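Listed below are the structures to be examined.
Same chain, two partners: chain A is paired with chain B first, then with chain C.
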Partner chain A sequence: MKRVDLHLLGPLIALVGLFILGALLNPAFLAPANLSNVLARSAFIGLIAIGMTFVITQGGLDLSVGSMAAFLAGITIMAMNWLAPITGANWGTILLGMSVALAGGIASGYVNGALVTKARIEAFIVTLGTMGIFRSLVTWLADGGTLSLDSSLRAIYRPVYFGGIGWVTWPIIVFAIAAILGEWAMRHTRFGRHVEAIGSNDRVARYSAVDVERTRLLTYVLLGALVGLATILYVPRLGSASGSTGVLWELEAIAAVIIGGTALKGGRGRVWGTVVGVLILSLIDNILNLADLVSPYLNGAIQGVIIVLAVVLQREKRAAD
Partner chain B sequence: MKRRNMLKLPLAAAALSLVASVAVAQDAEKKVIGVSIPSATHGFMGGLNWHAQDTITRLGTVYPNLEFVLATAPDAAKQVSDIEDMLATRNIDGLVVLPFESEPLTDPVKQVKAAGKFVTVVDRGLSEEGIEDLYVAGDNTAFGRVAGEYFRDNLKDGGKIVVLRGIPTTLDNERVEAFQKALEGSGKEILDMQHGNWNRDDAFKVMQDYLAKYPEIDAVWAADDDMAVGVLESHRAGRPSGPDDRRRRRGHERHDQAHHGQGSATARERDLSAGADLVRDRDDRAALRVERADGGALHHRQPADYARKRGTVLLPRQPVLIGDTSRQRPEAAAASGFWFRGDVGGG
Partner chain C sequence: MGDAVTPTLSLDAVTKSFGQVEVLHGVDLTLNAGEVHALIGENGAGKSTIMKILGGFLAPTSGRVLLDGQPAPYSTGPQAEAAGVIVIHQEFNLAPDLSVAANIFLGREISRGLRLDHAAMRAAAGDLLAQLDTTIRPDALIRDLSVPDRQMVEIAKALSRRARVLIMDEPSAALTHREVDALYAQVDRLRAEGVALMFCSHRLDEVERLADRITVLRDGAVVGRATRGGMTQDGMATAMVGRQLADIFPPKPSAAGDEMLRVEGVTVPGRVENASLTLRRGEVLGIAGLVGSGRTELAEAIAGLRSHNGRVTLMGQPLTIRAPADALAAGIAYLTEDRKEAGLLLTKSLTENLTLSALDRFGFRIDRTREAIAMADATRDFDIRAASPAMPAGALSGGNQQKLLLAKTMLTEPRIIIIDEPTRGIDIGTKQQIYRFVRRLADEGTGVIVISSELPELIGLANRVLVMRQGRIAGAVAGDRVTEENIVRLAMGLGAEREPA
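Let's turn to the complex of A and B:
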């Protein structure tokens, strides 16, 4: 019993350890401003990773999310710039832009999901394809450069990333709500239980009258919607999108999911673990910037080591129980 | 990304130099120029492709006897095939090439030269010297030195600087080393150098962390349009709360936000009050094109400068200061649009 607890708490212990390390290395680490920065930055990957948890738990994978985020940011900015002269620079235009991002995310997720479940193509291949498609589309839309939001709109939209309730900015709030809802959905809703059942054994799930294809499709749509939500929070930060937006986000999201204890082969999903995984990844980044521990050339190596270690630790624990 | 900006001048200049030496000399005679560049797989190459096509269109209008063969390659092998095809089937008279990689492209380009064609190599050199007629590239040492000299001359004694580096490459190293060398013995202190990877998001994060880490920063060398945008945004995000933070914020307000870029032709035309993020937008590129078509620097002067020139051309670059923010909020400073024009390296 004790072992199982350790296994579950592994990522959490790592997170606490990083907090202590950070505080020891630099007192500025625990300043509310720094924590607020780190949490707000985590929100994009965090939202995507929550959706990714569902996709991976049902036995799928989505490599297209980073490119999708860039593409959605691109069309959102273009839509708002196009609408601005018609509807004026006001919240209405922003809300329309947000709905473009959300609708675009749902549509993109549906395309991925439909290709996987209806056309019966491997998720890896489908999303590898759409990854290239979304990336090319945003580069093409931006004509190889950068798409920027109209400055009058940016002034209105900015508080969505930078504003909030005191130090707790909107991205943090949205991330927290999504995490709680995600955890609840995974544990306590029919959808969540079906997702785990399909990931464990899709044939048994099918015989148990679970609508496997529909549930799978829904996980991709949910992920798409969350990518849309992440885009809504991302656009006000820099007010721009280019071909280099969201590069490798998919791998960061997948890494966070796995660090959090979700099995890459599916069947076991843990949304709160994913949240911990996301925080671990952003904290490593932050601590490496705050403390001159190693040559900046090695930042990637440190992250790699921690990702592998996290998974190795969990494997050992699993073998033990 | 940074290198795109650096390249649009070299590429246009390279093509124009070919025009000068191939077309102007022999009017009306039909000439074919092959242009071989990496394909638009990401923003930087996207910009490169855009400027290549734009230059071809403009040159085609001005010199109707010119024909261009543009080939873009996703890897070195395809680029080699492209060049072989150009030589074998398109009968080119000149070649402008940005090698995907130095080694694999050296021999094919040598073959082109051996066939008696005029060869211009852009940005990334070949691994063997003396093959090309003309080598056009950005001057990375001047890039770092000029910025360093600006900080040396304009920062108060003991001024503290943070640096945002690009993607770890020799090109970035050359710039940073020159920057450090220029500052040597000046009493200015470089607090930190982290990689912002010529990326807005990365620079945003690194700058936020700098602000958390150092209570006092006097200047930021962002070294790139995109990184400068990230730096400016992270500055604005600073919110006061405790007494500690208030002190920190005053620190911000004294910052010089230096941003060092190149491409004077665009710099003059940029409207800083509209925000630094407009620097390389589509609209900005259109403006750049108009300027050149109207007889701006590149279109008329540079071909004359570089015409029939053999050897190496290192393109001049001028640093750009985003706002002298002494006792001003960064955005107010940005709105005041103060440009610093430094010296010109190479040429």
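Let's turn to the complex of A and C:
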């Protein structure tokens, strides 16, 4: 029992270790501005990774989330720019734009989910396809360039990313709330139980009268909605979107989920683990930038090692069982 | 069999401990060439451990494994196979995406130079399967085969390896009449060829029919030995359980009440053709038939697991059943025959398994305390023997898994329960518990349908038995007419005397 607990806590111990390392290497690491920045930037991947945890736990996968975020950012900016002359440069316009992002996310997630559950195509294939489609659409909408938010709107919208309660900016707050709700849903609701049951054996779930297809579909819709939410927080940061927005986010999100101890083959999901995974990836990036120990260009290599290590630990846990 | 004969494979004072716990206490066992040895005992008596030790999958803690009188020259399963000692496990060892022929020759492919000789393998596989009196095609994929067919492939695979010692764990558990006969014929053939055979079985009639030598195991020790004819079925059961077993089947009250369930003209394309049945309060309705006769498919149609045409009426109310949830909401529960692949989440805790079908009864935020209470109740009511409710369901013995599955199904408070193969692969003590439970359910007013390949079970439990054949209801027998002969005649299409359903 104790050994298993150690494996369970592995990612958390790694996170604490990284934190101490960061503090030792550069005092600037502990500055509230730095930590706030790290957390806020984690929020995009973090929100997506929370949704991804549900999708992976039920035995699915979504490769399209990075492109989806870029596409949603694109249509959100276009919608706001189009609305600004009609409704004026005010919060109303911003809110309408936000709802475009959220509704677009839900619709995109529904398309992915419906293709997987109703048309019965492999999740990998479906989302590989929609990944290309979303990416291409945003490039086309931007005509190969960049879509920029109208500067009057940008001034109003800016605080959504940069403002908050002291150093605790809105993205951090939203990320934290989503993480708590996500963990709660996975651990304590029928939905979470069903997601885990489907991932461990969908035939058993079906024979137990679980609506397998509806639950699967819901995980993709939930992920889409969270991508929409991430987009809402991302747009005010740069105020623009292009064909290179959100590139490789899907892999970072999947990596965070795996590092957090969710099984890639499904059946066991840990939202809190995913949050830890996201923070580990962000901290590595931040520490490499702050310390001269290793070139920041090796960031990807170190993250890669961590991912492989996490999976090896998972396997040892299974052997210990 | 005098002492002069050196046993092909034997155990000499073997003990086995897992951690602090000794599970085998000095077992002696001999397998002689040309002899069939039956190893019987309740679940958890140590049969599997002995098989694993014989097959090289486990090393004994003390004592010796002797092959031809010499310490066995193997310490892994594959090495044992190379030495001619082959074990057929209950969990099949087949690659689902490969063909039957490819599985039979897996690891020993016939090749011509670098190229695989598919034709030769297909032909050889075809010969083996024909010997087993099956119609399995050598190029069928394993995933498309039924459980009994997979069992036959396993046996064919062992035959192809020219086994000197063949050890089979519950070889007939998944088979019905015809396959069982083919299996017995093969056992007789292998015995005549001088192979040393051993098998475990919970079917005592089978033990009596096949075994030249019987070893009874209880709690990790040998408690009885006999040679052919030296032990009656009752004697075996008593020795296994260690106490006198009263009549295995509870008494059958004959009075049937009003109609509970009416199924009319159910058709599942290609599987079930225009099947109808009625179920009355207080009776246990049995469904017999060969595997592939549509028994399971009919039940799955009623439970919403298969799309179908036809009418289902429950307590006079017409029902539309399109999904399992519809059936469950109406109070119709189906307990699958495939508890490992469709019944239980083997890696999840007992509690999570117990409440999976009935989660809506535990609140939007799942009430852990009530779940724990439900688990404690189920453990008591169904006598589930488990180390802890948090242990994975896969670690339970077969009998306890079946009790957990029963508890899980009963938690949905069904009005009608359809139990498919209620006692497959479980020991006689647990069988008796399950029979009593099934009868009590019927007595208390739940509609009970039992599907089974074990005729004694249907005869002992059911007030009325429907017999299916090739997707149709071939006939029904009730009361005194529920006999093995009548059921078999109907299942074979010989048309016994009919009884109005």
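Heads up, the rule we're going with is that the second predicted complex is superposed on the first by the 319 of 321 C-alpha atoms of A that agree within 3 Å, B and C clash if a C-alpha of one lies under 4 Å from a C-alpha of the other, contacts with A are read in each partner's own complex, and residues count from 1 in each chain.
What we mean here is this: contacts are C-beta pairs under 8 Å (C-beta built on N, C-alpha and C of every residue); 3 or more make two chains touch, one makes a residue touch a chain.
Keep in mind the model is a prediction, meaning the values are calculated, not measured.
After superposition onto chain A, the modelled positions of chain B and chain C are compatible, with room for both. In the superposed pair of complexes, A:Thr189 makes contact with chain C only, with no contact to chain B.
By the document's definition of touching, of the two partners only chain B reaches A:Ser151; chain C does not.
In the superposed model, A:Gly267 lies in contact with chain C only, and not with chain B. Considering which of chain B and chain C touches more of chain A, the answer is B. Touch criterion not met for A:Pro85: it reaches neither chain B nor chain C. In the superposed pair of complexes, A:Arg206 makes contact with chain C only, with no contact to chain B. Contacts of A:Arg41 after superposition: chain B is touched, whereas chain C is not reached. Of the two partner chains placed by the overlay, only chain B lies in contact with A:Asp143; chain C stays clear of it. For the three-chain overlay built from the shared chain A, the minimum Cα spacing from chain B to chain C equals 34 Å. Comparing the two complexes, no residue of chain A contacts chain B in one case and chain C in the other. Chain A makes touch with chain C in their complex at residues 184, 188-190, 193-194, 196-197, 200-201, 203-211, 267-268, 321.
In the complex of the two chains, the chain B residues touching chain A come out as 1, 4, 40-43, 45-50, 165, 168, 192-195, 199-201, 204-206, 208-213, 226, 229-230, 233, 236-239, 241-242, 244-245, 248, 274-275, 277-278, 280-282, 284-285.
Against chain A, in their complex, chain C makes its touches with residues 304-305, 323-325, 327-328, 334, 336, 341-348, 352, 356-357, 359-360, 362, 364-366, 392, 408, 412.
The touching residues of chain A, counted against chain B in their complex, run 26, 28-29, 31-34, 37, 41, 139, 142-148, 151, 154, 162, 166-167, 237-240, 242-245, 285-286, 289-290, 292, 296-297, 299.
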